[in-house]
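Input: structures, listed below.
After this come two complexes, each holding chain A, first together with chain B and then together with chain C.
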Partner chain A sequence: MTVRAPARPAAPPEPPVAKPFWTIRRRDALVGWAFIAPQALGFVFFVLVPLVAVIWYSFQSTNLLAGTTEFAGLKNYEHLLDDPVMPSVARATALFCVGLVVLNLGLALLLAVLLNQKLRGTTVFRTIFFSPVVVSLVAWTIAWNLMLQDNGSINAMLRTVGIDGPNWLRGENSAMVSVIVVQVVKNVGLNMVLFLAALQGVPRSLLEAAELDGAGPWRRFRTITLPMISPTTLLTAIITVSGALHVFAQIQILTLGGPADSTNVLVFYFYQQAFGNHDFGYGAVLAVVLFVIIALLTTLQWRMRKRWVFYEA
Partner chain B sequence: MRVALLALLLVVAGCSGGGGGNGEVNLRMTVWTSEKTQLALFDEIAGEYRRQHPDVKSITFDVVPFDRYNTALTTQLAGSNPPDLAWILERDAPDFVQSGALVNLSKVLTDPQELTPAATKLWQKNGELYAYPFSTSPFGMFYNKDLFAQAGITETPEQAQAAGRWTWETAMRMAAQVVARVPGKSGLVIRDFEYKMWVTLASVWRGFGADAWPRDGKACGFTTPEMVTAMTFLHKAIFTDKALPGPGTTADFFAGQSGMTVAQISRAGLLKEKPFEWGIVPLPAGPKANAQVIGQAGIGVPVKGKQKEAAADFLKFFTSPENSAKLSQFFPPARESLVNAQSLAKVSPLFSAEQLQNVVVNGIRTGEVLPAHTNSAKINSLVQSALDPLWKPDANVPAVLDGVCKAINPVLSQ
Partner chain C sequence: MRRSRRWMLYPLLVLLAVPFVFPTWWMITASLLPANEVLSYPPKLFPASPRWENYATAFADYPLARQYFNSLYIAAIVTVSTMLVASLAGYAFARIRFRGDKLFVIVLIGLLIPSEVTIIPLFRMVDSLGLTDTHWPLIVIPIFGAPSVLATFVMRQFFITVPDELEEAGRLDGLGRFGLYRRIALPIARPALAAVAIFTFLNTWNFFLEPLVYLSDKEMFTLPLALTQYVDVYGGNIWNVQLAASVTTVLPVLAVFVIAQRHFVEGLAQTGLKG
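Right after this comes the complex of A and B.
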């Protein structure tokens, strides 16, 4: 016979335990948000909101003095197509970008390779080439403005060796060349330092092995050094292209976009329209165009990295 | 957490609260002068006003550099940070007056009829005054007597004027002589032109009967035969006679680097230390007219200002006959009672009585203001760009001027 244990009386239902609000997960999330909050808020208020505002402005017709704003539809964008100055602006912007990027990256790499040699005095030269980077841009450009005048010191020096220099800032071609050179000399030191750091990261063993295999200096540079520093080349290319499209102070001080719009790049033209001519609507359109160009070029460079950037971390 | 939230709210409330909610009046006037003596005079006048109006706690003069003044002013207006009073340059006057950006001052300034008609024209709309023309400064021809002596120029501009030979031809000949005979010196500098600020060339072309646009402002005047003649004359003076320093060459008359300069008489302050012997005569006559030119500046009260009544009241005090007399040592006045050599002599020790009558008084009474137009900033940049090809030795003058009209006609006809 089996003795059945008496049935236990049903236990009273336990009262539901209130889950604490501050779970570990929530605490972690809060800490995470707190860490990114300054950056995120900064991005929202100082990047996203102005960006949306610029797009909104590009569809408005604004009279700053009267303080009136009215919806203009696509009128400002249509003006972009029939603006007679726009072809000159596009040409000047393209010329400046191409000239600056080629000259800046080429010169920076050349200087970095030269200063990467174990020779006496390289530290002094590194300092000399880098020092313009820390000089005030406006002071730098004003000094160059004086030197580049027709009766300035550059032409005076040229005259001493029998060369009659051009009127640098007044000739349509020489003005563009002058602006590019002033900008390159100012900033080449930064790219040079980046390239120098990359060059010093190229393993000696690889170069020595190639040398033992009979590769000459050019071959070693082309097939080992250049691929090894390609991530830095990508970085400097993106920074320089973006910087080239943002050039403003140099144009404002040296040429005011002239002569005959030959140095009237997109940012300067945007400034003229928005703040000189008080045409905020059209100025906003130009800002949108600039944003799209920079975004496209950066995306293009980023996508093309797969073809030519090696050893990406 | 709650404490932090409360603190944040307090900070936000503090930031957005703003000031001036206690009935205090704090006025701000944007100006482009940074000369200490001028600012000291403004402070003196403002101090006197504050003594009479204890509710006005402060009056500040906000200095904005001239070359970006208009941009800064319009940005402040657009950015809900308007000044209570603002200086306005003549070329921007039509934009400000016509757009309704300024308070009507006709009822505030009780004696606007005391102002010379030529001086108020630019600042009026439908017969009402929208800014007070506090500076009506004629252009004159300064010359360096020392350099003239070194160049062996025996007839002074005053003598040429007395003999009826004070023409642009004469002036350019004198300038070319300075260049040829005094090494390292330039001839004639048109102050502030620098092959960019083309409106200053009105000082030359008005004598040839030319102007940038006819009086209604609807048609371009750059292709008229008078303008072609004037610009051809100027081009020859620059590139053939070398009477004017070429593009990209800097020369400052007031530093003794050139023989002559066309400049507003208010620039005479730069000669206070008497760096060299100098003289001043009116602008030379051209083949069509003996045209004098004036530059102007007005003071307006922006409609967007938060203390318009107080600002207008201070403007009335600032430009009263007594204070206008004080200001006239720097800014030639537009008041009939002050436009005479006797009144000006009391406050302008740099000029002789003859110079005041010959250049200042005659200039104010007969001169015409520099070209001004609505949409001036846009027109200015279009003309500057279109005129650039003119500043080359082999320029085709009529073709370049035709290009100027093509560039600005669409804007003028708006």
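Right after this comes the complex of A and C.
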């Protein structure tokens, strides 16, 4: 709101300026800019400039030994198309994302439904299911690494019940399954809490009315609960997919992308190229690809929300 | 489901809890076993005679104490500074009407950009300043860059809900803008600040890619990276010592979580937007 200095018939000798320069609006603007300055400058220097730079780098080739950089046109992008490893990377990334989202959302919803029953001791179970979220990712992965060894505790326990477990991290399919499970158990607690909050928001009256009409538990769940919690499903799906695309530490510790590139997901391949091979040009291309995928997914999910989100608060 | 049959859910819950509890249990157990029993059959699920020497080795043969200090002080500085930077920016975006508040939409783009995308240019920037193998990039970039954008978002969403009357009252008491922020807005924003503090601390405590890229001197390592150093000359893991070190990084956070779990769950759930 503007507060103008009132017109004064006889200007008093002081202050010397008739209209004070520092109106509330001006003062607010100054304070506002000062308040956002650290964040805004940081955003420019550490997000915006690097984003533009990475696109620029993707058109360059760097020779680290000679210390020279030259414009390479579309060479790096052409390499993306004829890179023999790329099909494996695309396959591993897609498999990981799909597997993770399906397993994570499914398990999160199951746990939330179980905890939403009026049972004693659900707080304890909630704490248990949530606790891996606060365990350091690297420590968590190291523990699983030991458990998943060929003669590790998982296979040892399977052996006591007469099952001969695979060498989890050395088989192409079992390695992917292992990496997905390690990640799901680590983070499913977050989605579980979100689902739990959503379930508690489903009006009881609706469920009771349906019960009176003779709808069984499954029918009530499918036709009332699921549509009512669809905004949360969408939100958790977005979070989980973008989280899945970031997976790196687990791959670095558990499989190093192997065996035979079966778990060589995009971010891990990016790291190998950019910082293992010091190929910044090609690394930049992979970074741009990652950015485009995330931007596309977010827009897509945002557009889809009208179609399959039944109820939005 | 009828009340009488509900008890049948307990076995299911217990079964489901196994993969959530066992890794931490096994981490502790294996950290107390001699090296040759870590992969033994049948598995030793309880250490008969705990070998505390593993913990001594983890600290004596590796610069773990130094690395622990690195992680602690970096996480502390980043957490406190992020709370400051984000609450200032969040306050301005939410409550001050000025032309700069339109920048908020642009800042939101920061939520979309994964840290991997910008790390090559950031690394070259840090490298050209001669700051690799220092903690500067691990401190300055998170405070002002992409990680704090989420914190700003959370703070702004909170400050928007503050009723105008509260600030009006403060204004009548003669408070300026900074006074309104400092004396009125900040004190009632404690839940949001707690959320920001928790997820910033956990994020910083768990940084892995960034230290891997910026650091090569073991003395400078932060904990997640330090945990990967427990390998023998042939590249084989020294499991029991590695897990002892892991336990020392996990237990303090886990203990705080169990005590203050409501804050953790609410804080992390409402900021679950992180990548």
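By definition in this document, the second predicted complex is superposed on the first by the 267 of 313 C-alpha atoms of A that agree within 3 Å, B and C clash if a C-alpha of one lies under 4 Å from a C-alpha of the other, contacts with A are read in each partner's own complex, and residues count from 1 in each chain.
Quick note on the criterion: a contact is a pair of C-beta atoms (placed from the backbone, for glycine too) under 8 Å apart; a residue touches a chain by one contact, two chains touch by 3 or more.
These numbers come from a predicted model, not from an experiment.
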Joint occupancy of chain A by chain B and chain C, clash or fit: clash
Partner chain in contact with A:Phe280 - chain B first, chain C second, else both or neither: both
Contacts of A:Gly42 with chain B and chain C, given as first, second, both or neither: second
Chain B versus chain C as contact partner of A:Asn151, first or second or both or neither: both
Partner chain in contact with A:Val135 - chain B first, chain C second, else both or neither: second
Partner chain in contact with A:Arg222 - chain B first, chain C second, else both or neither: neither
Chain B versus chain C as contact partner of A:Arg27, first or second or both or neither: second
First (chain B), second (chain C), both or neither touched by A:Leu169: first
Which partner, chain B or chain C, touches more chain A residues: C
Doubly contacted chain A residues - partners chain C and chain B: 146, 149, 151-152, 275, 280
Chain C to chain A touching residues, read off their complex: 1, 6, 9-10, 12-13, 16-17, 19-24, 26-27, 30, 38-43, 45, 85-86, 88-89, 91-93, 96-101, 103, 106-107, 109-110, 112-114, 116-125, 141, 143-146, 148-149, 152, 176-178, 181, 202, 205-206, 208-209, 212-213, 223-225, 227-228, 237, 239, 242-243, 246-247, 249-250, 253-254, 257-258, 261, 264-265, 268-269, 272-275
Parts of chain B lying in touch with chain A, wherever the complex brings them together: 71, 74-75, 77-78, 95-96, 99-101, 195-196, 246-250, 303-304, 375, 377-378, 381, 384-386, 388-389, 391, 407
Complex contacts: residues of chain A adjacent to chain B: 62-67, 84-85, 146, 148-152, 167-170, 256-261, 264, 272, 275-280
Residues on chain A engaged by chain C in the complex (per definition of touch): 25, 27-29, 31-33, 35-36, 38-43, 45-47, 49-51, 53-54, 57, 110-111, 114, 117-119, 125-140, 142-147, 149, 151-153, 156-157, 159-160, 181, 185, 189-191, 193-194, 197, 217, 235-236, 239, 242-243, 245-246, 248-249, 252-253, 267, 270-271, 274-275, 280, 283-284, 287-288, 290-291, 294-295, 298
